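In what comes next, chain A is part of two complexes: it sits with chain B in the first one and with chain C in the second one.
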Partner chain A sequence: MDINETKAIRSTLLEEAGKCRACRFCIDVCPVYQATEWVESMSPYGRLQILKYLINGTLDEDDPLIYSLYTCLQCGRCDLLCRAKGQNLEVSNLIRMGKYLLSQGLVKGKKSEKV
Partner chain B sequence: MDVNVARLAKDLAKIVGKKHVFTDRPTSIVYAKDVMPWDVEEKNVPYAVVRPSNSQEISKVLQYANEKLIPVHVHGSGTSLVGLARPKTRCILLDTARMKEIRVYPERSYFEAGPGAHLAEVRKLLTRHKAMLPVFPGSELVATIGGTIAVNTSAHGVDAALGKPGDYVLGLEVVLPTGEIISTGTESTRRAAGIDPTKFFIGSEGLLGVLTLIRMRLIPLPHFEHIVAYYKSTDDILDTVMEMYRQGIFPPLFFEFLDERAARVGYEAVGLEEPLGAVAMMRVHSWSKVGSEERAGDFIEFMKVGNPIEAKIVKDMEEWDKIWSSRAEAGNYMYRLGTTFGSEVTPRVDKLKDAYHEAKSVILNLESYKNPEFVSFGHIGAPTIHAYAFIPTKDIPNEVKKAITLEVREKTEELNIKYGGCGGEWGLTAQRVSFLKKRYEEGLYEVLLKLKRAIDPNDILNRGNLQGWT
Partner chain C sequence: MKRSKRFISEVLSTLKENIQRTGDPLGIKRVYWTDWADGLNLQRGGENILLTARMYQMLPYIMQVTDLVALAKPFLSRSGLGQIVDMGNRLIGDKIIRFKALGSKKLKSKSNNVLNGIVSALGAIGQRPAYLYEDEPYSGVLLYDLGLDEYIEGHIKEVYSLLKTYRVEKIIGVDPHTVFMLKEIYPKYIENYDIEVKHYLEILSENNEALKKSCKKGLEKQFVIHDSCYMTRELGIIEQVRRISASLGITVVEPENTKLDTACCGGPIEYAFRDLTEKVSKTRIQELANVSKNIIVECPICLINLRRYEREMGIRVWDMGELLFGVL
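Then we have the complex of A and B:
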């Protein structure tokens, strides 16, 4: 992937995750949120926020961040809920894109951005 | 404040178990974020998120916090629209999500719920028992009953039709800021006259204690009828609301509206034909089917005072679901097109129209952002005016978002004072402090500070909310 393509994905992710209103309506439909006894960083809402703050350089890539993003099962329930409640974000796809950037070492968060 | 986070994590883990303490930044930031339009700042990020399972654990967390003088911020689902949910200082964030047990006792005519129970779950369970939950926020899917009673919000419910949720609370278990666990109220459906400490904690917004058990009366599930009415303009709806109160007509349970702009957006979003003007929606209730049909018919007859283009009872629930979604999700439908900055004015009912037009003028003449659009929707029959500045972009710097929010707040506070309003249901302390000082002078605010100091001498719980955000 060339640098322009990476920039485009980062920019899309930042823009789309920035649209999340933090209403949290999606949390209850997430099986991982349920399985972890309702931890918000293990919910679709939490993952979108984490992605946003990773790409804008507020967060570092660290174990809890990776754990949160990589526990997404891509079941898509949050997408349906977000659509039904009017925001219409493709939440699971955004999380998938974020995981891709991480796996390719194309986004590393605060410390690495400074370097 | 110098806090050793590793030490803090170990100490909290001794109380609630290691699995239920988080000190990583991603989790802390996720819990700190709320619906307020600007991003969390470093001062908002908790040192730790702790997730107790019972009142004894909460008591120990609070005793520990008092010993170490670390603030504790109580978290339900973080759905407050005006900043109550965002910690104002670095703190231990106490998440009530694990305390969501609901028990219904039909033979005692009440139910009990843990603070973390989501309203949708409570409603589902109560419906099986043919009972109604008297709380109707748009965030019902995830809003907690603890947060709802701590704020005492009716939301869609018209106060004059059903009262406030707190009116149905029989008793509470509360952990005081210093860790004592107390019980208030009654297990009878007969409530105390005179001083009932239950009332001190209803609407206390987590400043005076953590609600750990809520006992509420079972209300027989009424029959409902639904009405939709189309008007040439919002003014006709305002006239109808004022006339309803002037004539002493019993108000519907819900009396909601979409102004011309919100109606276009909402109806398009749900796939209905664009209305010609503004739309009003009502839910009428009665204890018998015949009664609810009669009330709906009478109300439609009354509504002729506002000259609607059309007013009808909607029997087809699929149609009603679409119509209602255009209103229920109006906030999200507008938000996905840009950025919204809300306000709340709750005027004297005979001044509704004047207050509405002044609120509109405030929005259209903002100094912090030139030429925003005006949009309004919400609980107009309550009466509540939600006057929104709508800006059709997300690309607004944080400092500008803050300036717009503060200007809208300050100028709509003036309208609440001018028209005798209380600040409304969004008017939580986090946002209401400057209003309280202006509306009631410093004396009343001093009383609140004294009350807080008496019960929470170290200012541990929800520190900063009684000082208000800026």
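Then we have the complex of A and C:
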């Protein structure tokens, strides 16, 4: 992934995450949020916030944040809710794109770069 | 959660390495995916093929890999030790997995029955797809799920080129993850993508009457359907499985969270977080068992995740292909 592509993905992610109206309807349908007994960082909304703050530099990649993002099941139930509530964000795909950015620093043998 | 970063780094690197080295997510070089087709005399290659993408055949090995990963997790997440395990994986990893998978005869037989059932059902409606045998590729869905997009393109191009070598025009898929990849993701990487991709349940549903006539016996039982996430929300295949079930004589009951609003079985994160997967799958199996002890699934990942509760909860988890195998 070159610098321009990284910039474009970061900008898309920030723009899309910025559209979230924080209604939090998506969190209740997330199976992982249910399984972790209501930890918001383990919900679609929480993951979007984590991505946003990783990209703008407020947060640093650490174990709990990686855990939160990589435990997303990509089941798409949050997307359905977001669509139903009129915002139509592809939340699970945004999280997947976040994993793509993270993989730059996680896959061994690559030049490490922070999100 | 502890040392997740290092652990995920090991998992992603191993997966990437396995695919690049062998084309297989498990890194197994020896062909393990063709046994089920012995004696079926399927044509080798052709315009219309059945693509299992090794998904059902992989199940006994996935069981062993997730067991090994759970055992090795503390070592994998420690600095330096990951490299040793990684090297071990390259040298003898696939041998250990293959050896341990020998013990999963029941699961292997179940997977074979699923695929045989699908071929019989397609035969009953006059379809006789070809098969690629040892050349059959893996779709690369795990690379996609984990955001390893950088390595997807190369894999997709290799698979597409192989399919073109065999002059494939139509693909019948047997699992939702592979169908999703070939139908929705491959066209993003291949210009003028020209392969028609369908799930076998779509084809059977279009020929439901012919299928019904071929059934030797009916399954006069009540079943609950566990819809797969990809099948419903990505592919929109919801009513087809119900139509087919009805023609087999099955009475379908619906659980809490069904059809488009189905709940995940937890399988997609089992590669790394088994404890969390078990919590998710336990919730889902309880929802299903509340309405019926007989559960139908239509995805290999759901099958492997939900069937572990069979003994504990006194239930039976059937793949749709298995039911077809039983009635045809």
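Please note the rule applied: the second predicted complex is superposed on the first by the 105 of 115 C-alpha atoms of A that agree within 3 Å, B and C clash if a C-alpha of one lies under 4 Å from a C-alpha of the other, contacts with A are read in each partner's own complex, and residues count from 1 in each chain.
As a working rule, contacts are C-beta pairs under 8 Å (C-beta built on N, C-alpha and C of every residue); 3 or more make two chains touch, one makes a residue touch a chain.
Since we're looking at a predicted model, the values are computed, not measured.
Engineer: Would chain B and chain C fit next to each other on chain A once aligned, or clash?
Structural biologist: With chain A aligned, chain B clears chain C, so fit.
Engineer: Where does A:Ser41 make contact in the superposed view: on chain B (first), on chain C (second), on both, or on neither?
Structural biologist: In the superposition, A:Ser41 contacts chain B only.
Engineer: Touching A:Thr6 in the superposition: chain B (first), chain C (second), both, neither?
Structural biologist: After superposition on chain A, A:Thr6 lies in contact with neither partner.
Engineer: In the overlay, answer first, second, both or neither for which of chain B and chain C A:Asp62 touches.
Structural biologist: both
Engineer: Identify the partner contact of A:Thr71: answer first if only chain B is touched, second if only chain C is, both if each is, neither if none is.
Structural biologist: A:Thr71 sits against chain C, while chain B stays out of touch.
Engineer: May I ask you to decide whether A:Gly18 touches chain B, chain C, both, or neither, giving the answer as first, second, both or neither?
Structural biologist: So A:Gly18 only meets chain B here.
Engineer: Aligned on chain A, what is the least Cα gap between chain B and chain C? Give it in whole Å.
Structural biologist: 11
Engineer: Pick out the shared contact residues on chain A: the ones touching chain B in one complex and chain C in the other.
Structural biologist: Shared contact residues on chain A: 62-64.
Engineer: What part of chain A is in contact with chain B in the complex they form?
Structural biologist: 15, 18-19, 21-25, 27-28, 37-41, 45-46, 49-50, 53, 58-60, 62-65, 68, 85-88
Engineer: Any idea which chain B residues touch chain A in the complex?
Structural biologist: Per the touch definition, chain B meets chain A at residues 20, 22, 24-27, 29-31, 33-35, 39, 51, 77-79, 95, 97-98, 100, 116, 118, 120, 139, 141-142, 269, 329, 331-333, 335-336, 394.
Engineer: In the complex of these two chains, what residues of chain C are touching chain A?
Structural biologist: Residues of chain C touching chain A: 1-5, 8-10, 12-13, 16, 144-150, 229-230, 233-234, 260-264, 266, 268-269, 272-273, 276, 279-280, 283-284.
Engineer: Name, in rising order, each residue of chain A that touches chain C in their complex.
Structural biologist: Per the touch definition, chain A meets chain C at residues 1, 29, 31-32, 34-36, 61-64, 66-67, 70-77, 79-80, 96-103, 106-109.
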